[in-house]
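There are structures below to look over.
What follows is a pair of complexes built around chain A, which joins chain B in one and chain C in the other.
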Partner chain A sequence: MIRDIGAQRILNVDLSSGRIWREEVDRRDLLQFLGGRGINAKLLYERVPKGIDPLGPGNVLIFGPGTLTGTSAPSSGRTSVTCKGPATGLYLKVSVGGHLGAELKYSGHDYVAFHGQAEHPVYLWIDDEAVEIRDARHLWGLGTREADRLIREELGDNDIEVGLIGPAGENGVLFSCIIFSLYNSASRGGPGAVMGSKNLKALAIRGTGGFRLAEGEQFSELALQTREELSKDAGSESLFRWGTSGSVPALNELKMLASYNFSQVRIDDAEKLSGQYLEDEGYLTGRESCFSCSTACHRFVRSKEHPYGVVRDSGPELETMLSLGAECGIVDTEALIKSNQLCNDYGLDVISAGHVISWAMESYEKGLIKGRQADDLDLHFGNVESQLDLIRRIALREGLLGDLLANGTKHAAEEVGGDSWKWAIQAKGLEQSACDTRAAKSYALAFAVNPRGPDHLMTECYAEFGITEEARDLIRRITGDEKHADPKLLEHRSSIVRWHEDCYAATDALGFCAFTSTAAYAVNPKNMAQLFSYALGIPLSEEELMRAGRRIVTLERCFNVREGARREHDVLPWRMMNDPVPEGPTKGMVTDKVMLDGLLDEYYQMHGWDLGTGIPKRETIESLGLSGLCGDIAVD
Partner chain B sequence: MTLSLAAWLPQMRDFDGGFMDTITIDAEKCTACMACELACSFAHEGAFVPTLSRIRVVRFMGEGLNVPIVCVNCARPACVEVCPTGAAHIDRSVPVVRVNAEECIGCGECVSACPFGAADFSEEKQVALICDLCDGHPACVEHCIYGALTFEPVQSLAKRKRRLAAEAYSHRDEVS
Partner chain C sequence: MPQVTLRFFGFGGKASGFETRTEEVREGTSLGQLWETLRASAARDDLLARIDETRVTFIHNGELVSHENVHETPLKEGDTVALMVLAVGG
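Our next item is the complex of A and B:
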């Protein structure tokens, strides 16, 4: 079926009753929320009332590719996965690449919303208009690689797209992920556990249709021009050549490489964690794109002769290299290729997996976890064997330690007690990604207010480092002067964060990759708005696009407010606020409570949120047109 | 290793218009971004519909290999030879294979005959899908920013291949 790109449809599935029904998306909603992450947020707000158990049948798991996903707009193939998150009990949006989002669009659907809970393991098969809930009992317990292969085999088509969970999601690990197209992961905050709680192993899609655009010629021309600009952007070039881990050598040199559970800022032999090393030493065998991507940051690697057998799989990216690598004191490339593969196969978020293990290592070295409680493992930093063993134990909830760590560092530290909560690098229940928020203040603010917990994947303020000319130019446009491209400064951080929030939300809603708009800058609010207008034939200005971004961010905030989150939840991990950076150019820095309070005051003020509680004010809600949805939680 | 399909495809040309450029493929550079499929379907159908694209990327999931497959414009095209109605024919002015939609009866003979799987049949349009090189300006090549697709005389490819093969000799000192 070839359809109009603006005629969006939701495919609803109630796994409890087996009922399947479709709804049209109101055009006015599409303009207000842009699609993808925005419409997902609205659906979640309407359908998941306060206090629902994230792992119970009342949670709703929504897959929403961007409005431009499936078109030639560069790097627009991403999907937002939204639900109430089990790690935090709060709002959860995860963005994932691969090809599944485009395939869903081509099947004639723009969103899939899973309700309820199946009686036994099932998977959903979307074959254009024909939608079927199929038995998955024979797939339960299998790793993502094998289950993916079997699904393709039994459906008799190698070219379908599959999104699925591994044993970690089945076992309710609070940081289990959903894997798309084998290599791409909806990772953070435990969406895999939500899928597992619904007894939903997988989602398989064949879409043979496509779209007609309102002003196709203009769209296609601008998309190609943007694609070419993007491929020339300095940030993009490095991402293509070395992938995300191309920044490792520079981070180490600058003593900004999070290591040993954030107690150190550099590590010996860091180059072994880099994209350069993967290429130079012959591990790199290919570069992969997500759908319609002109960056291809994804690696494909082959390990050589290590004790765990030759691995051919997707390659470790920056966060794997840091979280499972440097943070655990491990600089063994072969081992990290293996750890990465295990996490993908079991279906674990590499960032949290790395940080629960690095927390356990620090707790072990400090004598708080030992003997039987450590499952008799040697948990000194740098122990590769123990890491590989623990990944399996966590995914299968095996042993005392495996089961303990499967609930994340917040719960684990509560169990273990003592001071171990101080080195649990988490806030709101989510482990922080390996970015030092002591020495980068926009990151500090962005991480603290992030509705899903402290990471860089809701608001990426990379520009504050001013590394590329494009980044400095952006900071000049936001703050009036490029000298503010300095992460140590406290001034102008709120406006930098807010610009990136708005931009990131719009980026997600249209399906673009954040690398194109907040690490490289060839995709920007102006051409995003223009592409949206050409596609739908509805004029949308740059300002309206950014305003829609803010509407999404505010609605997500409201979800958390309704769940009881307040100003005191907007914090950073204890270590970021209290343990100074030990050495290097940022030596002595922390983002303490006084600093954070100052940042929050300015940020809330700018947003029109109540200073004492962080709750959006009535006038703010009204001015964004959100009164009908969440007027009841606003304050005067 | 250079994995180039064109290296083993028959590229002889004896059309009236003489030799012309053709699409050559370097699969090692393909990242499966699918820009070629989108560009092709847009150029021919005015819509983004990969199943209507005349070029298709075959992905080997789990192996990191992606191979674009497209009509190589054979000198003696099997699709034309087997077409019972003459719908598939050589347009000697360009020269490319074209499909006359009105004469195509949807028998699928061209799909069976093409040795490369480059001919397909559209359920939606009830017509055979075969690349027409966009009359000499292939959209897929224009949109391939990774350099996996090139539009060039087949002799240029031969020259590059010769250079690659010869390079083995240029390292003879290191070897001996």
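Our next item is the complex of A and C:
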């Protein structure tokens, strides 16, 4: 089926009753929320009432590729996965690459919303217009690799796209992920557990249709031009060559490399965690792109010495190297290739997996976890065997410690008690990604206000480091002077964060990869707006696009406000606010309460949110056209 | 003459950061001058000689030095200089 790209459709699946139905997306909504993450947020707000159990049948799990996903726009193959998050009990959006989003579009659907809870394990098979709920009891308990293979075999087509969970999602691990296209992960905050709670093992898609673009020739020309600009960007070059872990050596030299559960800022032999090392030492076997991407930051590696068996797998990415590596005191490349593979196969978010283990290691070394409570494991920092064992125990909720850690560091620290909450590197219930928010103030603010908890994947403020010319130029445009490209400064952080959150939301809504607009900068609000206009035949200015981004961010805020989140929830992990950086040029820095309060005041003011509570003001909601949706929670 | 420790990242070959090298520099030499000397003495097909300077990150004693300031950064005995082909990632 060839259809108009702006005629978007939602495929609804009620897993409790087996009912399947379709809805059209209102064209006005598409202009207001742009698509993808934006429409997902609106659907979630409308369909998930306050207070429901994230792991109960009332939660809705929504897959929404960007509006331009499936076109030739560069790096536009991303899909937003949205639900109420089980780790935080708040709004959750996760962006994932691969090829599944484009396949869904080609099947004639733009969103899939799963409601209810199946009686037994099932998977959904979308074969263009034919949609079928199929038995998945024989797949339950299998790792993602094997289950993916069996689904392809069963459906007799190796070219279909599959998104699925592993045992961690089935077992309700609060940081379980959904794996797309075998090697891409919708990781943070536990979407895998939501899928598992619905008894939904997988989503398999074959799409053979396509789109009509309103002004196809202009669209293709601009898409090609943007792709060429992207290929010249310094950030893209490095992402191609070394992947995300190319920045390990710089972070270590700058003493900004989170290690030993954020108690240190460097680690000996950090190079062994780097993309440069993977390439130079022959671990790297290939690079792969997500749909329509020419950057190809994705790695494929193989083990060399095989101390943990022969491993051929994807990654490891920067966050794997830091969270499972440096944070746990491990710089063994072979071990990390194995840990990464285990997490992918069990369906675990590597960031949280690394940080629950590093929290357990610190708690063990401080005597708060021992003996039977530690499942009789030696949990000293650096113990590879214990890490590999713990990954399995967590995914299967095996043993006292495995089960404890499966609920994340917030719950684990509450259970273990003592001062262990002080080194639980989490806020809102989500483990922080391995960026040191004591010394990078835009990141500190962005992490504190992030609706899903402290990480870089809702608002990436890499530009504040001023590493590339493009980044310094962006900071100049936002603040008026490139001297503000200094992460230690407090001035202008709120404007830097707001620009990035608006841009990131638009990036997600259209399906672009955030690396193209907030790490490299060739995709920008101007060309995103133009591409949207050419595709749909509706004029959209750069300002309108950024305003739509802000509308999405505000709606996400409203979801959390409705759930009871207030200003006091916008915090950083205790260690980031109280334990100073131990050495290096940023020695002594923290982002303490006074500093954070100052940043929040400025940020709320800029957004038009109430300073005392963080609730959006009525005039803000009205000005963004959100009164009909969430006017009832606004304050005067 | 002051001795400085050099570390290279991303320039290929053995320049993955494992091998450090000590370099003697004249009194008063700046980071920028050291960089120019290294480039001039590198083989023509070496990435060090070929690379667009804007693609290099300079780190002096653990602090990022902007390209504008490399000539205003004097080197002294015991300094550490890391030169890396620019990399991003998150």
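Everything below uses one rule, namely that the second predicted complex is superposed on the first by the 636 of 636 C-alpha atoms of A that agree within 3 Å, B and C clash if a C-alpha of one lies under 4 Å from a C-alpha of the other, contacts with A are read in each partner's own complex, and residues count from 1 in each chain.
In this section, a residue touches a chain if its C-beta (ideal position, glycine included) is under 8 Å from a C-beta of that chain, and two chains touch if they have at least 3 such contacts.
No experiment lies behind these values; they were computed from the predicted model shown.
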item	value
Side-by-side fit of chain B and chain C on chain A, or clash	fit
Which of chain B and chain C A:C293 touches, first, second, both or neither	first
Chain B, chain C and vertex chain A (Cα centres) - angle in steps of 10°	80
Partner chain(s) touched by A:N407 [first = chain B, second = chain C, both, neither]	neither
Touched partner set for A:S303, first chain B, second chain C, both or neither	neither
Chain B versus chain C as contact partner of A:G209, first or second or both or neither	first
First (chain B), second (chain C), both or neither touched by A:G584	second
Touched partner set for A:Q276, first chain B, second chain C, both or neither	second
First (chain B), second (chain C), both or neither touched by A:G246	second
Touching partner for A:S231 - first (chain B), second (chain C), both, neither	first
Overlay on shared chain A, then closest C-alpha pair between chain B and chain C (Å)	17
Shared chain A surface residues [contacts with chain B and with chain C]	none
List of chain B residues in touch with chain A within their complex	28, 31-35, 38-39, 41-42, 45-52, 59, 61-66, 123-124, 142-143, 145-146
Contact footprint of chain C on chain A as seen in their complex	234-235, 237-239, 241-247, 249-250, 253-255, 271, 274-277, 280-281, 297, 317-319, 433, 435, 456-457, 460, 462, 465-469, 515, 519-520, 584-585
Chain A partner contacts - residues on chain C that touch it in the complex	7, 9-10, 12-13, 16-18, 54-55, 57, 59, 61-64, 66, 82, 84-90
Contact set on chain A toward chain B in their complex	2, 70-72, 99, 102, 106, 145, 148-149, 152, 158-159, 181-182, 208-213, 216, 220, 224, 227-228, 231, 285-294, 296, 300, 312-313
